[in-house]
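Below: one structure, written as structure tokens.
Chain nomenclature is as follows: A, B and C, assigned in order of appearance, with residue numbering initiated at 1 for each chain independently.
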């Protein structure tokens, strides 16, 4: 990027309580996210990660009713004053269940769905659909029906449908839960490739850190509706390891291994976040 | 009546000339068959109507499946025949049974050669439906979307239904035992989860759709359109002639049963 | 014991789902069935309680051929917990839900009541006894489904993808629970693609690919073989991938568990430490 990355998401004292809930789902959230960041959002079940994501594209407060506090600006728009349909141009959302996101009777029609809603010209829609299919490798699937696709294919089609909206931010809420490990890795890598190619900002919600650790530079940890840690992935795993473990976050096994060895004084240095860096660090220790 | 007889109404993905006709054209064909079939009770008329659809069935390559839909109608046809034997002459019984078969064939042909996709698109274009949709649901395309979504969810929910049956059987539920009352009650553990799953899927779908801009403020464009081609116009003209002709004959002549 | 004797299964559409499956399951066994989507894992599971009958071969549950016994009768011994709890839940209260199976099997009301409360307590659900299952969170509903099957105390328990959507703590609880069950003499079969969970629990692993068993053995030997793992659309556990990079230091190649990895590394690293201290 030629210019300095701008702040694309800004949350000030953000809070929300669903109608009929006993307590707030999220509270006192202060957040600044810059363009092109790859953020991992994690925390134990019920910590508010999904609620925070829903605020980012306007599902809260438009689809989910409740009490809103504070301010949230996304790509310059204030979420409380915009309809989800307007915010959907800026923020795309990929859901956990691959099958329930696909609406149309063929893949091509499903990807076209979003741009059609924007009232664009037919040529523009055609162009966006073709681009989205090319970039996600879903062109060979274009005449198939949603229920004929595998989970991994469904997620890629969902991603294509989101990309056709040309958003600047994409939120993925546990997108690989139903996918086998190999497909999960492919989806994550594809997401990161798209981030680099298109300059997107990515927010991924995941329990299993090892899937995302290779790509995420920053981690935001939530618990009980609040942010309890926010920083670089390496630093946070290094300095706040016990906090993360205590919360039951699925820390990468290599990070756990290193922390245990470090406690015994057998290794020194920063906690590695994935296999390659762990191998390199261990080899360094062995070769002393 | 097993589920296989429903095959006679399921869309078959082929690209025959009949399949390629605009759904509105095909619907007009149905009306063109329906009107004379209902206006008259003449055996020859019924035979003509039935035979005239056979070329369409053959060109559309759906004749074998049509045979299945006829099998589905065997029970009802027999019923109609017997009932009419008691209330009228045996000639009128034959005519009315034939009428039932004509109507069955017409609808079967329509559904086998028209994709739900295209039906949805057609519904989107019909003024009356858009008006109704706007009055009831606030958006002109809401009704056609409801239709498309329902069709889209059917295969998925069919799988869900089987899974629920399997899951409950695995807890000792026996669906084929007991008196009528018990059997009906035994379906509660099947229907409730299925209903809730259907609702949950619909809500998740709605969430996903809203996240992609539905319904949108400005007018919605459609990537795919229906186009009426010369052959469509020809058939529409022919159908309109058949319909008006039938009405004219009806009001001017008295056609007996035979 | 459940025996699968040269079981093959073909769908009515003609598609072959399982070919020549031979399997024995006894009390005290803990088995993980892994494989790519469509490999036949769920199809195999449904043969264990008679939901599906083999096209060829036979399935014997405690000596009885599943083709001769009803699913309801087999379900007394074989509990199958489906992946999505929403396919099971229909009752007004959690208590009623857990009692359903017991009532179907004809137990007396006092027995049902006692057994329901026992199961709810074992799974930490006692506080929700009078709550509607639909008001609970996803993880809690999964536990209710598990309770509903466990209440009838089946000898064989089959779990279909029990770790999906669960956070680490919930998985730990599940692991401990499974440990309790098979040490009590039950047989536990888990269908899963969660490689790290399997690596840490060390069951016997059966790898299915395109309807055939392509590997059978302890977790550390099966999951550390790259070609096998790839075939099943899985990924080797982190420890295995890490140790592949460290073989030149003399480490074994079948490490999958973090604790064993630690012990092995502690040994080597202590030596290094001593050596470094000596040289300086």
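Criterion: a contact is a pair of C-beta atoms (placed from the backbone, for glycine too) under 8 Å apart; a residue touches a chain by one contact, two chains touch by 3 or more.
It should be emphasised that the depicted structure is a prediction, and the values quoted were computed from it without experimental measurement.
Asks: Considering only which chains touch which, label the overall pattern as line, ring, star, complete or other.
Replies: complete
Asks: For the chain pairs A-B and B-C, which is connected through the larger number of C-beta pairs in contact?
Replies: Higher contact count goes to A-B.
Asks: Between chain A and chain C, what is the gap in Å from one C-alpha centre to the other?
Replies: 29
Asks: With centres defined as the mean C-alpha position, give me the chain A-chain B separation in Å.
Replies: Centre-to-centre distance between chain A and chain B: 43 Å.
Asks: Write out the stretch or stretches of chain B touching chain C in their complex.
Replies: Against chain C, chain B makes touches at 160, 163-164, 166-174, 188-189, 192-193, 196-197, 200.
Asks: Would you pull the chain A residues touching chain B in the complex into a rising list?
Replies: Answer in residue numbers: 57, 59, 62-63, 83-86, 88-89, 92-93, 95, 97, 99-106, 109, 112-122, 125-126, 129, 145-147, 158, 161-162, 165.
Asks: So in the complex, the part of chain C that touches chain A is made up of which residues?
Replies: 36-38, 137-139, 164-170, 172, 193, 195-196, 230, 233-235, 237-239, 241-242, 245-246, 249, 258, 261-262, 265-266, 268-270, 272-273, 275-276
Asks: In their complex, what parts of chain C are in touch with chain B?
Replies: Touching chain B from chain C are residues 46, 49, 51, 70-72, 75-76, 79-80, 82, 84, 86-90, 100-101, 104-105, 134, 148-149, 152.
Asks: Flag every residue of chain A that touches chain C in the complex, lowest number first.
Replies: 44-46, 96, 150-151, 174, 177-178, 180-183, 185, 207-208, 210, 248-254, 256-257, 260-261, 264-267, 275, 278-279, 282-283, 285-286, 288
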